[in-house]
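All chains are identified by letter, namely A, B, C, D and E, in their written order; residue positions are counted from 1 within each chain.
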Amino acid sequence: MTMTIADLVALLPMIVLSGGTVVLMAGIAFRRSNGLAAWLTGLCLLVSLACLWPASGSLPVRVPPLFLIDGYFTFATALVLLSSLAVLLLSHGYVGALRSSPADEYYLLLLIATLGAVVMLGSDHFATFFLGLETLSVALLGLIAYPRHRPDATEAGMKYLVLAGTSSAFLLFGIALIYAAQGTLSFSAAGSGAGHTVGVYRLVASALILTGIGYKLSIVPFHMWAPDVYEGAPAPVGGFIAVISKLSVFTVLMRYFVAGPGRMDHAAMSAIAVFAILSMVAGNLLALGQDNLKRILAYSSIAHLGYLLVAFLSPETFGIAASSYYLAAYAVTTLGAFGVIGILSDPAAPHDVAEIDAYRGLFWRRPWLAGILTLMLISLAGIPPTMGFIAKAYVMTAGVGSHLTLPLIALILGSIIGLYYYLRIVVVMAMPVSDRLGDRTVFPTRFSGVATLGVLAVLVVVLGLVPSMLIAPIQHADPRMNSEFVHAATASSLLSDRKLGSHSE
Amino acid sequence: MGTVSPQNAILLAAILFALGLAGVLIRRNLIFMLMSIEIMLNATGLAFVAGGARWGQPDGQIMFLLVLTLAAAEISVGLALILLLQTRRPTLDSDTGNTLRG
Amino acid sequence: MVVLGLYICATILLVALMIGLSFVLGGVRDSRAMRLPFESGILPVGTARLRLPVQYYVIAMFFVIFDMEAVFIFAWALVVRPAGWAGYVTMMVFLSVLVVAFVYLWRVGALEWGPHPRRVRPSRTVMTANERS
Amino acid sequence: MTIGFGIFQIIVSLFVLLSTAAFLTWVERRLLAVWQDRYGPNRVGPFGLLQAVADGVKMLFKQDWTPPFADRPVFVLAPAIGMVTVLLGFAVIPVTSGWSLAGGLNVGVLFFLAMTSLGVYSVVLAGWASNNKFALLGGMRAAAQMVSYEVFMGLSLLGTVMLAHSFSLSDIVLAQTHLWFIVPQFLGFVTFLLAGIAETHRLPFDLPEGENELGAGFHTEYSGMKFGMFFIAEYAGIVLIAAMVTTLFLGGWLGPVLPPLVWFVLKTGVLICFFILLRAALPRPRYDQLMAFGWKVLLPVCLLNVAVTGAVMLLVSP
Amino acid sequence: MMLPLLIIVPLLGALIACLGGASRSNWPRWLTIGSLVVDAGLLTALSVATPDPGLRAGWLAHFSSPWIPQLGIGLRLDMDGLSLLLLWLTLALSVVSVVISWKEITEHVGFFHVCLLATTSGVIGVFLSTDLFLFFFFWEIMLVPMYFLVAIWGHERRVHAAIKFFLFTQGSGLLMLLAIFGLVFAHRQATGQFTFDYFQLLGTYMPPGTEMLLMLGFFIAFAVKLPVVPFHSWLPDTHTQAPTAGSVLLAGILLKTGAYGLIRFTVPLFPDAARLFTPVALALGVIGILYGALLAMAQTDMKRLVAYSSVSHLGFVLLGIFAWNGLALQGVVIQMIAHGISTGALFILVGTLQDRLHTRDLRRMGGLWHSAPHFSAIFLFFGVASLGLPGLGNFVGEFLTLLGTYRVSPPAAILGAVGLVMAAVYVLMLVQRSLLGPSQPGAVITDLSRRHMAVMAVMIVAIIAVGVLPQPIINVAASSLDHLVPSTQVAATARPVVLSQANTRETLP
């Protein structure tokens, strides 16, 4: 039970984040400064990122019974930390302009939420999963409702609270049932006994867990909260919810179902397939009627989770690599889109600038911002030369390889519908300038935000044009590599995937 | 001292859970909704303890502590939000909270 | 255990008995003054559902949080010796986080009661944001 | 231990408790009189000893008035809760090794803390249900004060739990065979004592019912037996805290020569007198001072106590 | 290295033009022309160079480099005669587009040329890719700038038209992407190789049902682009709303990518399914010819009329492709080029007319001949070219196609010929209503500018050249058609045929 040095090294990213949180809190206690807090947070994220390096040579490291640090963790954590850094930079100017409260606590919450996400990514046990999830959710609550003067934000926070609480309860009850049925809370150990304890408990437990996770991922029958929360939350926080919270929950889902005990659970898998189809179709359809960019992004993220689940459903072929790439693409683009909203918005105003009408003529007023937003929308729509295109193609490859006919049809339908509303925004931006909204100046303090957007845009294009830069590391991050549940069949298919992977002309 | 079988304890937990869920769905007052969520969370805590009892492990109780902590954290934040809401609106009826369409 | 159960029943019974007896035995009288809330003889004005200072709620939150933290210390308290120095160090880490949180609350002014303003020293960036507006 | 003996114990305990609490009103007034150089109750019976009985009879026959503006069921429930929780708190106190209701309960300490926590409901509900501004303010004050000191109370007795390795109060007493915990846990003793006084909102920490500010605080609207119940609960609370301090820090029933029961009663009695002395001797602080004292002094001290106790224990006998 | 440069040069031009977009000067225009000329220079070098002997038979140039090795995707570019012809067409029409919008486009000039060059670059990529994934990449990439061209510089209902265009093409594109993956997995199943290489995928074995499904996936994508009748409804809208340059690019080049796809991918990759599908495809072709012509007759909007005539003309292309013999294919190639020129010219003319009259409504025109004789003469010329006057390019294409089709399916050929007659009707109607008759009040226009005259002159020469001397074109394309045709059994009965004027003269055994 005692930890070795190697274990500690493997857990270093989490330790750094936790320590950073404490230091930041102490820092805030003695000197309230927006800039100092931002610097500390950024530094902490970077150090944590660097701490992925020392352990990377000797992966996987299992820290029984709570953590499993493997390549998949490394990849996902890097993604989360970088996304978090992006959110930090995007929010720096934004929260700096808040008048109702100092911004330093915002960074504290951001750091705590990131810590929660990272804990989740490394979890090999329901306890750590749950702890991470709740650390994330509770910190997010604070972030959502941070602009106290905005009624919308408070309301969104309240909605998120009620739904997060309810979904946590569902999840927990499911976990409790699994525990009662199997006597262990560990992902890996739960699987070994899974074969002979399939029964009512497990069935009910799966249903409850899926409901809980469904809420967290906001996939279709459980999606109602997402648009409201996205609309009410400050724009950078919207990006955080859309990217980091979903990414980490999805990763756990992957760990549990693909590499862990859930893979035997065929009922759950078919339920996920149904949710995926519903998400793709309904998410896109519902987005059609929206006039608010944040709401559109919310529905689009619902749909994107659906696409992602297609990859999830086909782990035997390229599914895992596809989902990893998709997550990266989704993260970059979604952050970019929310970032543009954030840069155009004044946090002291009662709302962010998210009504589509406000974007009229943006192309001619702020060509670069409009260009970046267009790029992000194009990527979300899955059109080259962006990451979104490669991601969608990758997911489709996986789906075709696993003969997922219905989900693929839904994917295509969804994509076509999706094109319509993404293009609508682009069209509005290309329309002649309207005088109604006047000229909105970009805040001079937002240099960090603009620069971040630039980097994101470059990433979208470069990784869309040269995807192998990302695909190569992803292939080393297969969670099945260190799982004892790899069936003989899967193992062989895994091998063949690798062989194919190495094949080139 | 009579013992309660884990089965029955879980059944009780399930009933509590259902009551809490019903509360969340039916109640319109935010405070009551929060309380219902607490009931659901505590029901899961009970289920964990029952599970722990079945296997004779402390894990269930540990999970219960964690659940309690979560419930505490959530309720504190919830209370703060409700206070914020109430300074703007006289009522805590969740149906009136519809500035956001949804 | 059985005795405890019986005891619980007995206390409840006792209390019910006290209330019931006084209800039966008590005199009956009514007057206009009895129907008014007692405010030291002054006629009451407005509702009694006051909006209370936020400090009360803050204290409620602190209670919830610190009591929960205490629970973790309780769990350790039982096993100080078996858990040994490893357990002690773990606990100290936990406590130090708690202490930092405590210091944070103190410095931020959350522990102040009464009319003192919150000790929030607005940072320079916030001030400039204000000035800009 | 048969059920019959248990029932006997219950009846005796309740009787003793109630009569002690009632009797204490007399004791307090007499003692205060001594210290303040006046007479105190001396008309009913010898030395006014029957004053407590007279008060009880009076309450029983006074009108059971529930104001029309109050929330009726809650209004009735509030004093009942206060009474029940205090009485239940006694269940886990081991009077002697042979005489206790549930002294061996393995979560005795937690049970005690739970009961004192539940006591908060009594005041807060009373204050709210009265629908009176004074009562509400008093109730809220009481609630804030009690929940705050609840935390410190739990933390301050942790040292004894650590030393005894048990939540069972009998075990804690037995662990003091060689040395009362007041010696190694002096800090704990002091903090617990203070927290205990605040928890029972006794003077000088009786801000919730500070008559010069709030009428009578949360029980402004109460009269008759329901007021009596608050009254009894408060005195029973004093007894409870005194008994608890005895158990946790003063070695409970342990002591040379005299029989255990006598030792227990003696120690508890002295403590009760001490509480009454405090009332006579100390002025009342401001409410903000009270809260600040709790959070800014007691809490760090409690935490320090826990940390030091743990370190010393491991250093002395790893 | 030449092949990627062909794609990169316009993109670089676009990049620089983009930076200069803010200024209202002419230099984005000159830059565009410049990069197109450089590109043309590269293409000339490629055209005259003798192909490397190491290449596959019939191919002129090759480039390959890894791109996403993990998925067996490479940057594979190959050029054969067919590609070469279409590349020339692309560059020529791009230059024309720039010239004819010299004064017409005044807003956001820089961005306009960025879109134009990006479209060109995408189209070049489409014509060169021999990696299926890369092909799809370019297939998609050429749509975005085109979309902007329509959505920003188009006419009244441009947004609607642009979105419709995009949805149709993108949606069908996704079907094709699915089919590509299906094909790749089928290939993997058969050989264990996971690759998107066109040459490796040729001749992949798969069950007939699968083959048919995959073939349909490809077919629909190309049919939408072509457009084949049930999928054509985006075309009239888009053409009508697009700016003139957009219409030229659309009609002249983008539609050809559909035909190119059918020739390059659909039929060779799925020969058996394609043969089974032939009757349906021929029927669709005939329906396209007749339906397009019929609708063209009913139009009063000039641009719509020309657009529907396009539908009709491209029906011949479909007919020829699925007849799949040398004769028909030669016809198809000629038809593609001739249609590119003639329809492009018609759109330019209609565009200038609209600029002057501010309407496209035929009912409000008439007697234009009096005020604008040059315009009218040229308009008449391209009108009759379009209806297939012997001696001009379209005639050669259509005639060859019909001949080839006749060998396979006489009824289809006969019905197609009826389409020619109908073409005569709508073209003459168009000419009669607009040019002849009494002058409408307000329908007095200034004649073509010198700039336009120059462009028209070049195009006239080109269409006459195609009509009179199709031989060089056929020679260039022959090599690629040669290696295409044997892949079907139909080819066994056909021999390459070379035409001179209207006389068929069999050469080459």
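Note that in this section a residue touches a chain if its C-beta (ideal position, glycine included) is under 8 Å from a C-beta of that chain, and two chains touch if they have at least 3 such contacts.
Chain labels with UniProt names: A = NADH-quinone oxidoreductase subunit N; B = NADH-quinone oxidoreductase subunit K; C = NADH-quinone oxidoreductase subunit A; D = NADH-quinone oxidoreductase subunit H; E = NADH-quinone oxidoreductase subunit M.
The model shown is predicted, which means the values in this text are computed figures rather than measured ones.
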Least step count from chain D to chain E, where 1 means the two chains touch: 3
Leaving out chain C, the still-touching groups: A, B, E | D
Contacts common to chain A and chain B (chain labels): C
Chain nearest the overall C-alpha centroid of the shown protein atoms: A
Highest-count interface - the chain pair sharing the most C-beta contacts: C-D
Rounded Å distance between chain A and chain E, as computed from the means of their C-alpha atoms: 43
Chain centre separation (chain A, chain D; CA means) in Å: 52
Computed distance of Cα centres, chain C from chain A, in Å: 37
Separation of mean Cα positions, chain D and chain C [Å, integer]: 18
Numbers and ranges of chain B residues touching at least 2 other chains: 73
Touching pairs among all chains present in the structure: A-B, A-C, A-E, B-C, C-D
Touch list for chain E against partner chain A, complex: 64, 66-72, 74, 108, 133, 136-137, 140-141, 143-144, 147-148, 151-152, 159, 162-163, 166-167, 170-171, 174-175, 177-178, 181-182, 184-185, 188, 193-195, 197
Of all residues in chain C, those that touch chain B in their complex: 1-2, 54, 57, 60-61, 64-65, 67-68, 71-72, 75
Chain B residues within the chain A interface of the complex: 6, 10, 13-14, 17, 20-21, 24, 30, 33-34, 37, 40-41, 43-44, 47-48, 50-52, 54-55, 57, 59-60, 62-63, 66-67, 70, 73-74, 77-78, 81-82, 84-85, 88, 94, 97, 99-102
Chain E contact footprint on chain A (complex, rising order): 318, 321, 364, 378, 383-385, 389-390, 393-394, 396-397, 400-401, 408, 412, 415-416, 419-420, 423-424, 426-427, 430, 466-468, 471-472, 475, 500-505
Touching residues (chain side chain C, partner chain A) in the complex: 86, 96-97, 100-101, 103-104, 106-108, 120-126, 129-130, 132-133
